[in-house]
Amino acid sequence: MFELGVVYRNIKRADRVSADQLARFGSATVHEAMGRVGLMKPYMRPIYPGSRISGTAVTVLLHPGDNWMMHVAAEQIREGDIVVAAITADCTDGYFGDLLATSFMARGARGLVIDGGCRDVKDLKDMGFPVWSKAVSSKGTIKATIGSVNIPVVCAGALVTPGDVIVADDDGVVVVPAAMAVATADAAAKREALEADKRARLAAGVLGLDMYNMREPLAKAGLKYID
Amino acid sequence: MFELGVVYRNIKRADRVSADQLARFGSATVHEAMGRVGLMKPYMRPIYPGSRISGTAVTVLLHPGDNWMMHVAAEQIREGDIVVAAITADCTDGYFGDLLATSFMARGARGLVIDGGCRDVKDLKDMGFPVWSKAVSSKGTIKATIGSVNIPVVCAGALVTPGDVIVADDDGVVVVPAAMAVATADAAAKREALEADKRARLAAGVLGLDMYNMREPLAKAGLKYID
Amino acid sequence: MFELGVVYRNIKRADRVSADQLARFGSATVHEAMGRVGLMKPYMRPIYPGSRISGTAVTVLLHPGDNWMMHVAAEQIREGDIVVAAITADCTDGYFGDLLATSFMARGARGLVIDGGCRDVKDLKDMGFPVWSKAVSSKGTIKATIGSVNIPVVCAGALVTPGDVIVADDDGVVVVPAAMAVATADAAAKREALEADKRARLAAGVLGLDMYNMREPLAKAGLKYID
Amino acid sequence: MFELGVVYRNIKRADRVSADQLARFGSATVHEAMGRVGLMKPYMRPIYPGSRISGTAVTVLLHPGDNWMMHVAAEQIREGDIVVAAITADCTDGYFGDLLATSFMARGARGLVIDGGCRDVKDLKDMGFPVWSKAVSSKGTIKATIGSVNIPVVCAGALVTPGDVIVADDDGVVVVPAAMAVATADAAAKREALEADKRARLAAGVLGLDMYNMREPLAKAGLKYID
Amino acid sequence: MFELGVVYRNIKRADRVSADQLARFGSATVHEAMGRVGLMKPYMRPIYPGSRISGTAVTVLLHPGDNWMMHVAAEQIREGDIVVAAITADCTDGYFGDLLATSFMARGARGLVIDGGCRDVKDLKDMGFPVWSKAVSSKGTIKATIGSVNIPVVCAGALVTPGDVIVADDDGVVVVPAAMAVATADAAAKREALEADKRARLAAGVLGLDMYNMREPLAKAGLKYID
Amino acid sequence: MFELGVVYRNIKRADRVSADQLARFGSATVHEAMGRVGLMKPYMRPIYPGSRISGTAVTVLLHPGDNWMMHVAAEQIREGDIVVAAITADCTDGYFGDLLATSFMARGARGLVIDGGCRDVKDLKDMGFPVWSKAVSSKGTIKATIGSVNIPVVCAGALVTPGDVIVADDDGVVVVPAAMAVATADAAAKREALEADKRARLAAGVLGLDMYNMREPLAKAGLKYID
């Protein structure tokens, strides 16, 4: 694990249908459906608002200030992938811009998740290529040290194994292990179905206190009302 | 103070007219009008730009990773309130999403100010329910420990007493003690009236140096011009 | 250097044509064209997205919580300038709002870069006066202590000499020393010309691995492919 | 509240015996004894390790970069007090050094808690005057703007009313409202008595799982052991 | 992976001799010996300076503000283990203090590595139980939600599988996968042997430029000396 | 300025006597003596407490994750120098450890100031080689890209020109331009002389309010006492 200098060409991608479908539920619902694990740290933010994507992870491990392996990763991208980039140390350099995005898009990538910096924000927005990053920085990088592609990486505090499903939107980025993709999509669909009804009742003025039968447990826990 | 496990049902809300009117001036002018006190820390940011609201505070004290009391708070909301949520420790979890927002809106709330995380950002934007928060996070919370509703809380560095006026916009969040609401609205209106004239003169090229008679005090303070 | 209490009236501004032209290339390309130096820290963010400006620097050194010198700086602004404000200590107060912006615009300023806070964000957006800052804060400032105008300052980690070219956009803020403005504009133009061709090839599916002849150096560096 | 420009000379200090006694239990035990409220943010750190003090709060509200009111506060110090300094905006300047410490000590102060910076760290350590601060900085401050002394302040996220008890040690800083000082000292003493017995049993190898009867509730909550 | 509510009783610990031996080399040398991977983020700091330990990891996944699973983890500790605690969200609460430390020590633990807060710092120092943490906080935690023990966790950006070797000292915390423990100990020993000779030559005034034959590659890279 | 790939061999060091003497006054007094400019950001901390040094700056500009130029800098060190290292982007890697320290000491360096990470903290403390850094990290660096030695650099927000005097202690790091070294030493000596008398009076219970004649200006500024 965390081998340096290797590229795994054949990775087992999660079930395609589930991987595509998970975007619809959004990262918050998916995160709940998984039992509240698998979330990247909230410092990961979209470079522009309004995107919601899901897809299978192609991972890349970079060195600080060096984006050489991004080009190696490009070749491993297939239609429906999302590239997940980890860095071996905290570094806010702009590892990714419009040229790489053009290449990634041509290869079928749906977006990038990077635990570092990104640049050409306006161009990426115009191209419709969403990126979730830790920073935005004009500073470019060099191409001097090899890392790895398609090894398990830790990105923004979450373990990402190549082929896992990534769900990213304005709320953040969630990782669904490939083996859990189908079950998570099912669970998320169920949550969503329930939410529609709850939303209607809450909109009609019903209180969560009553809808979720919370009054008794709250009283039991000692809650006191004072007039 | 800071009692745990209590809900105050009857709070003394600030003067309604002033509470409603203060939004018009914006947080910066209101902050000046109060003598530059009462501002929450600048890490409190709107989850989407362009909102400007004011209203009376319903406060809630939460525990890290636990939003149980949000449902208790919902019942205490009246038309024109803004919910202010403090957490007993720093925690970026997403304590609030579109379901709670539906409930809060149905009760008459104008927005939420929370010293923690928020989720369902896109839905909240679509619903037009503004939130000022410290973070955005997909991570949900549990319902296990009781806190309090409508006790004085410290939120993002500012003391908020239930019934105080909250003014929030793209510049930040300001707290106006209920007893100062009328006087602050008056002072803000006066500031604003003066600003229109100043703005016109500055736009015409008059310098602040001359408009504010700064040249003499600057020279007295020792400022030297070098050609 | 770093004299306090002085205003330099005559500064040598960079070549006008280059100073105006550099905006077109954006901060990332300009930063590359300079050899990857001169970038402000990535915590400097535009208060609203979508602006791209370049111009000559008028510098101002402020004290924490004190914006007195901003008015002194206003008088030194000429058409095509960008004001660069440094503070002698970290402080997120809102040193700048719509009144000062009105004055700066009337004097011909294209924008402000400040290593501190800014306020009246919505008004500034409506006026079309872009600001890059470290924070947004409603908190106003006093006018009590003199600093300096048009001395060399360190702003967000970058040295800015009065008259240098500032290039600012959604990716960040770059400083081009006045003496390098012409050469940098030339180098940036060359980079841009090359990029159009590269972009077309990458869009057509050509890999950076091949376009940049990276396969051999990668193999030499020890990269291994595993099926 | 948060009046500017006032000094309250007569404050009601907490019960002397309890105020003095609370140091013995330490901030963690006192915080538990209060029901886990009243803690300052953990960014407040001692400038040197190993101190443990308690005393009654004299509060001071300062402006960024301005320590004028520290001298006003000095006069209000009585034997057994701890000065608590809040700033109206985040600012890391060094508001306090060995000269002020000499004065504070001469007046009977036991230490300083400041939501800003401190300097002369080595001298303060040699003098044995403990300080809990947010930063250490050589940067001095001016004396230009008046704040207040002995008004309620928010310091590092905690509300401090003059006369409250402050307990500070290597674990952090806790505020005990004056009215709760006696009850808190009693509760803390009880906790401590219980802890001695627990410590002995745990040291002998008894597990918390058994000592606290956790096995059943854990199983009920669904915990599974896998061999 | 990341299952909630499970305790793995039988984990495969790394080779004992290597696990014990690695402390001797320190985290920096071990990190180099592994090829510069496996390091926790540098925000992980010892609560007191001067400790250097290595041992086998027992992992625990906690929820924010909840240390219930620490007691479950205690039972799984064997002589020579180091407990590694991850939290499902950022939270600086003090999850660990002198009572738990007494229990952990009695079970044979050598220290704790926690991506959260710790308290009773002075007691832990007196007991000689080292902790590496992200924060120090007096704030205690509740016991309400189950997590897991001995599942793979991400702690401070590093993946830790139960049984891996942890090396921690004043420089930080490194994770050595169990399968690599022996090889890493060998590589570290070799590095150390070489360093003694290098140190002697450098102390004698030999330059790294000459000792490492850097002058030619530097010249080739374009370095120019100017007199 | 900020040329890459150059080493200036002949720099004009500040007056030796003043450079040596400034340590005695400490960074806080020197900073005051200079008129409160020239301070590095307060995130720069000593890796162990208790050192106080001054000396002439040898500067080095590094790339993120690359310490190659440290070896080039070593050759330029003369007795009484302090090395000041800036990085072209934020990166917390450990660029410096005991081997380089051995070399630097052999060349006559008194310490290192680095806007990045450092490692081998315990060894450096044992050797008595003080370092002020932004982070501590076990992570080593590569030697791939050339930077520069003895060019002006911005380190932790302060401009450092080769030959300037650096004063560093537990309070922080101050830069004294070479041309101001003598005057600053004189001013600092005067300040110190005055402080001894002030300290004695304050220790005797005289208030700063009286010693500095503050009562009248405070009353003028509007300060009110309330009994």
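Each chain carries a letter (A, B, C, D, E and F) given by its place in the written order, and its residues are counted from 1.
The rule we apply is simple: a residue touches a chain if its C-beta (ideal position, glycine included) is under 8 Å from a C-beta of that chain, and two chains touch if they have at least 3 such contacts.
Quantities reported herein were computed from a predicted structural model and do not represent experimental measurements.
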Original post:
Which pair in D-E, A-E or B-C has the same interface as C-F, with over half of the contact pairs matching by residue number?
Top reply: A-E
**OP:** Round to the nearest whole Å and give the separation of the Cα centres of subunit B and subunit F.
**Re:** 41
Original post:
Taking each chain's centre as the mean position of its Cα atoms, how many Å separate subunit A from subunit B?
Top reply: 31
**OP:** Averaging only over C-alpha atoms, locate the centres of subunit B and subunit D and give their separation in whole Å.
**Re:** 27
Subject >> Contacts with two or more other chains, residues of subunit F listed in rising order >> reply: 36, 39, 42, 88-90, 92, 137, 139, 145
Subject >> Chains grouped in pairs wherever the two touch, ordered by label >> reply: A-B, A-C, A-E, A-F, B-C, B-D, B-E, C-D, C-F, D-E, D-F, E-F
Original post:
For subunit A, which residues count as touching subunit F in their complex?
Top reply: 63-66, 88-93, 137, 139, 142, 144-145
**OP:** Would you pull the subunit B residues touching subunit A in the complex into a rising list?
**Re:** 5-10, 48, 68, 70-72, 74-75, 92, 94, 97-100, 102-103, 105-107, 117, 119-122, 135-140, 143, 145-146
**OP:** Would you pull the subunit A residues touching subunit B in the complex into a rising list?
**Re:** 26-28, 30-32, 36, 39, 42, 45, 49-50, 52, 169-172, 174, 195, 198-199, 202-205, 207-209, 212, 214, 218, 221-227
Subject >> subunit D partner contacts - residues on subunit B that touch it in the complex >> reply: 1-2, 4, 35-39, 41-42, 88-90, 152, 154, 157-159, 177
